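Both complexes shown next keep subunit A, but they swap its partner, so subunit B is in the first and subunit C is in the second.
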Partner chain A sequence: MTNAKTGGIGRRRFLAGTAAATGLLAAPGLLRAAPEGIKIGLIHPVTGALSYSGTQCRAGAELAIADINAAGGIKSMGGAPLQAVLGDSQSKPSIGASETARAIEDGAIGIVAGYASSICLATSQEAAKTNTPHIVDVGVADSIMTRGLKNTFRFGPGYGKIARDAVTSLDAINKAAGSPAKTVVIVHEDSAFGTGTAKLLSAELPKYGFKILKVIAHPTPMRDFTNIALQVKAANPDIIIPANYYNEYVLFARTIRQQQIKPKAIYSVLGGAASSYKFVKDFPEAAEGVMDTNHWFNPKSDLALKRKKEAEAKGLYYTYEVYLTYNAVALLADAIERAGSTDHDKVIAALNASTWDKHGMPYGPTKMVDGQNTGAQPVNTQVQGGQIDVIRPAEFAQAQVKFPMA
Partner chain B sequence: MPDMTILWPAILNGVTTGALYALIALGLTLIYGVLHIINFAHGALLMVGLYAVYFLWRFLGLDPYVSLLIVPPLMFALGYGLQRGLITRAGHGRDENILLVTLGLSIILENLALMAFSSDTQTVDTAYGFSTLDVLGAFVPVPKVVAFGGAVATALALWAFMARTDLGRAIRAVAKEKKGAQLVGIDVNHVYAMSFGIGIGVLGIAACLLMPSYYVNPSVGHGFVLIAFTIVVLGGMGSFVGALIGGVIIGVVEALGGLFLGASLGQIGIFAIFILILLFRPQGLLGRLQ
Partner chain C sequence: MKRLAVLVAIFAGLGLLPLLVGSDFWLNAIMLALFSALIGQAWNIAGGYAGQFSFGHALFFGIGAYAVAVLQVDLGINPWLGMLVGGALGAGAGAALGWLTFRYGLRGSYFALVTLAFAEVFRILANSTPFTGAGEGILIKLNPHPAMLQFKALSGYYWLLLALTFACFLSVWWLERSRLGAQMLAVRDNEDAAAAVGVDAFAVKLKAMALSGLFMGLAGVFYTQRYLYLDPGLAFGPTQSVEALLVAIVGGIGTLFGPLLGAFALHLLGEAAQTALGDVPGANMVIYGTVLVVMVLFLPRGLASLGKAGLGKAGGRRQGLRRRKRRAKDA
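After this line comes the complex of A and B, so read on.
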């Protein structure tokens, strides 16, 4: 501190200097010709256990911001560009919440977060405190949308919808082939995701005439799958349903081949690796014929294919994280455009009235009910000849279902 | 009740998986069992070895088994350097310091790997990756058979090395009576570093034999560290043949536990054995009372 009595800078001079300095610092903002940027908080798990997916999400969001700015920004606000406020949740819900609070303090007027369901629950709740619009990019847990938070919206489908579609699709695929499959074994990881899936499927599948022979749980990480493969082999099911994360899915699929188990189908719900380009590239033989129920872009949409090409030109795998987060940002931008304002209530009203269709997803125009886009749905994919093809619903299908798989 | 026809394949699988565990524990039994260095970085160093095997395959096209000629010597040098340059200096001979140093080392290694290689899971694709041998009606993957042979050979070689060579005798002398060893002219620091280096070199062998049937990512070591410590205690501290038998027992217990109790609950068998051994035979199966 300076002191007037000891001959430092006097109070008046200090105040004058401070004022001048503040003026200088503020001046560029006042003088700049371009309108001020609109800040959007992007909170993703870019470090920690979920870092691969978090990084993919962030890349998708940044692609969207770049595209929107290149096309002239938010036109109703004088072409204001979007500006990212990046946050890292470190794969932890509590840090996701504090990063959301920080982004809002930094001036973010909307939040796109947080990949995992548990993190989305925390970030949306934090944003709700200031009524800041929050778009859930991936998180599929139904509980995210059923808490009555007015600020929270989800573009993609929730878990209940995905699981119900998975069951009815499996039934339809089976019936179309003359119902060759009657028995099922479910292999699932033992945390919320896998256990929830197994529970739901074991309750629903018998209603369609499938017999559940065995439900096998395993921890994550799992070092060896031989034992589980042996149990599957002994049960000899027509259909194997794995519900686990990438590493375990890969080990399991490899072991199934080693133990020469040949089911009529391997069918999964949000399968960790089943619709992953990386899995198909690394293990084309183990991946061949595997079916999945998952998020996917509309393969017949030119817009989706154009974005896929752009993402791949940047060295990205065009995974669901990339296009779901891209669309979450674009959906928010569309609402700001129509609101012509960054006022929270106006943007939320615009999101509620959203009929946006420039997403390249197999969804139709957005239709929000309690924040959930009710047009959102998963599709069925199958690995055929080293490609991941959409096989259902029919209007989006690129290839015929191969069932029983060769 | 599980199907009895899969009992035999399950046991066989337990034996081969256990041999892999034993390979990882062999290095630890030398470091922890003989020198009493609690090496928390064992898992992280295994990860380093696995990445070395992966990158040699990816960029030079070297088969993981050819890497046996390259990775173990490199890992030996890394271990020797770590012990001489870091663990001795930072540890000041106190167990709790060494524990923290190796724990810190594991955190640093894992996060460096995360930064450099990302958290992607990597695998090698070999011609024999999916081949199996038919052993009396059970299919055993070829990489696991090779790993089993490798574990037995490595355990016997280590045992012979400790019993027959001067360095082996020196290691045992240092482990028993450090001051006395110093008095008769043994370079204690060198012996410590050699033992640590050999332990990590053996981990390099484990990495080469594990990679064809497994994967690598920055946190891959976590799944193995606790098992390796359990095997060292079960087999008897510092006993190589004990580690081999301990590994096989753990593998079979895990396999049968998984079969009868489910894979999630089956793990308790391993730790139940650990507690029973500590209660009733604290010196381990082949260990001697000190």
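After this line comes the complex of A and C, so read on.
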């Protein structure tokens, strides 16, 4: 007996045929089993006092993973995709260490962490126990890289390099203008980054003939800069050098304007907001003319501009956290690609031998010495006409320096 | 003695965990809870038993932490010795703070505010003085060897912390049975009445602060050796003060097992919330905070009171029986 509805094919034959067809269609997939994902631990302070920067870091890392996977994953490992294992350090080193241990146990073969220097110290130490490759994304304390941890690498510059470059650049800018500036006030936040930077600047600036009138420390968070601005006003320096985080920088810069303090330059070193599009957009008057020595992408690199456009299309401000963490993940992915393996020793060897240049930063190919990328350097930026332009070094410059400030 | 047996059994069980738990993450999570239990119990000695609510226990924590760090880095003194000094300085700081505040009769919220202020003053001092590394902090050289109070395996740190926590809990167990403990409770419940019956309230409070400072200082030493980095915010910031206070309040102040219960409940809650909510930033903290508010509203005597409530009827019955027997005797 045949079934009219199925054109003479019986139920059993129909089911068997369907199963066979499904099997045939699925066969290529089964024969070419999808490569297993490669897990990377992303440990950032997405809650707590550093949550803005931590969230930016996470966004940058996720962008990198998406781009690498879209480009075919890790090709030397059969196109294995990268997978993020996310961790929140809650802005505390102890939780950062705990989250690192969690990520490693969840199968992460590399760690990218942890924004603040104190958290990077804890996460890299935790990763060192299992010899898991660890890339420091932002943390600038020089001590992170001088402990002899073989698993720890940093793509960006440390604050020793940044502060020295800041001083030589300031000297060059001043001399080019006929040396109008002679006195300096440093205003810094009082944790490792600000204090370390201020210490280095205090040691270096007098060598170039600058007289330091005052060094003013403040805590983070700090919600009123009036007293500090009045101290600066009383000192009447030619140059004000702020070294602090975003919120404090914005408040300080606005208070300087409110108090009608008009130095020849506001020259930041790792100024939390001085090279921030958000600051320039929200407070254009306070931002105008401000110079900074900071992490920055190469404005003449098509790759960097493409990434910037992609990030902005996703509603992100393209801040240093975003592109430094993006590049930290991409650097690790490049090492895994060249190692052709997730074996810790092989990835670490590949990182040590890294000559990676697809970063869109003003660095040149990576060259690791004791885990530090020695080619990494900061640049000088200045806010001119509502835009953040690179003004030094000359090969990356988009605009001429405006000094003294108008 | 039954409570001692329970205490020993709990810590013996906890001592076996590194052999049973294969996961470093979970061992670390238990360590974080144990650490909270240690600082919670340290706070509990002064706050729970002697009734001296401090908002600035980070002061003793920071002093212990900086003691071991400075002695090690600047003077090359072995951290085991540094641990003794850290504990002693913590105790000394507790006594000194007590002496400064109690002699002026500061109590309640005034005492709490002064402790908070002292911790902040020390944070600023540590931020400004070169021997503490100022704002840059102190980094201790990585040298994972037990002789340097550093361990390659997490279990080494775990057992060290467990020993410190056990010592703290054992001290509180002893305190509950001692004359000093009874005097502390008398001072806590009514200082004037205690003084009227001959208790030297000033000395009792001072001893409570010293003992509390001792264990807080030792906790600071442990933190430094575990993470090998210290800055003024980590050492004297409000985080440790709040955590110490929180676990004791949640667990049950003035109880032996309260801080242990509070520490494990809060940490397990945090972990459970994170597991349940995945990678939504901060959502676990919202749940954590909500549960905390609910707990304080509906269980103000802490988790330990749950056990007491259960025993309450039986205990009440026993007491009633004793009272009736006594009355019958008197008659």
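Going forward, the second predicted complex is superposed on the first by the 373 of 406 C-alpha atoms of A that agree within 3 Å, B and C clash if a C-alpha of one lies under 4 Å from a C-alpha of the other, contacts with A are read in each partner's own complex, and residues count from 1 in each chain.
In this text, contacts are C-beta pairs under 8 Å (C-beta built on N, C-alpha and C of every residue); 3 or more make two chains touch, one makes a residue touch a chain.
Just so it is clear, the structure is predicted and the values come from calculations on it, not from any experiment.
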Combined model on subunit A: subunit C and subunit B, fit or clash: fit
Which of subunit B and subunit C A:K182 touches, first, second, both or neither: neither
Partner chain(s) touched by A:K150 [first = subunit B, second = subunit C, both, neither]: neither
Which superposed partner A:L86 touches (first subunit B, second subunit C, both, neither): second
Partner chain(s) touched by A:R223 [first = subunit B, second = subunit C, both, neither]: first
Which of subunit B and subunit C A:D190 touches, first, second, both or neither: both
Which superposed partner A:L121 touches (first subunit B, second subunit C, both, neither): second
First, second, both or neither for A:K161, with subunit B first and subunit C second: neither
Touched partner set for A:K199, first subunit B, second subunit C, both or neither: second
Partner chain(s) touched by A:Q258 [first = subunit B, second = subunit C, both, neither]: first
Smallest separation in angstrom, by C-alpha atoms, between subunit B and subunit C in the superposition: 5
Touching both subunit B and subunit C, residues of subunit A: 47, 51, 55, 190, 217
Touch list for subunit C against partner subunit A, complex: 23-25, 28-29, 32, 127-128, 134-137, 139, 141-142, 152, 154, 223, 226-229, 231-234, 239, 274, 279, 281-282, 285
Residues of subunit B that touch subunit A when the two form their complex: 2-3, 5-6, 9-10, 13, 17, 114, 118-121, 123, 125, 129-130, 132, 139, 141, 214-215, 217, 219, 222-224, 255, 258-259, 262-264, 267
List of subunit A residues in touch with subunit C within their complex: 46-47, 51, 55, 86, 88, 90, 92-94, 97-98, 101-102, 104-105, 118, 121-122, 125, 128-129, 141, 143, 147-149, 189-192, 194-196, 199, 217
Residue numbers on subunit A that touch subunit B, as the complex places them: 47, 49, 51-52, 55, 190, 216-219, 221-224, 226-228, 230-231, 233-235, 246-247, 250-251, 254, 257-260, 278, 282-283, 285-286
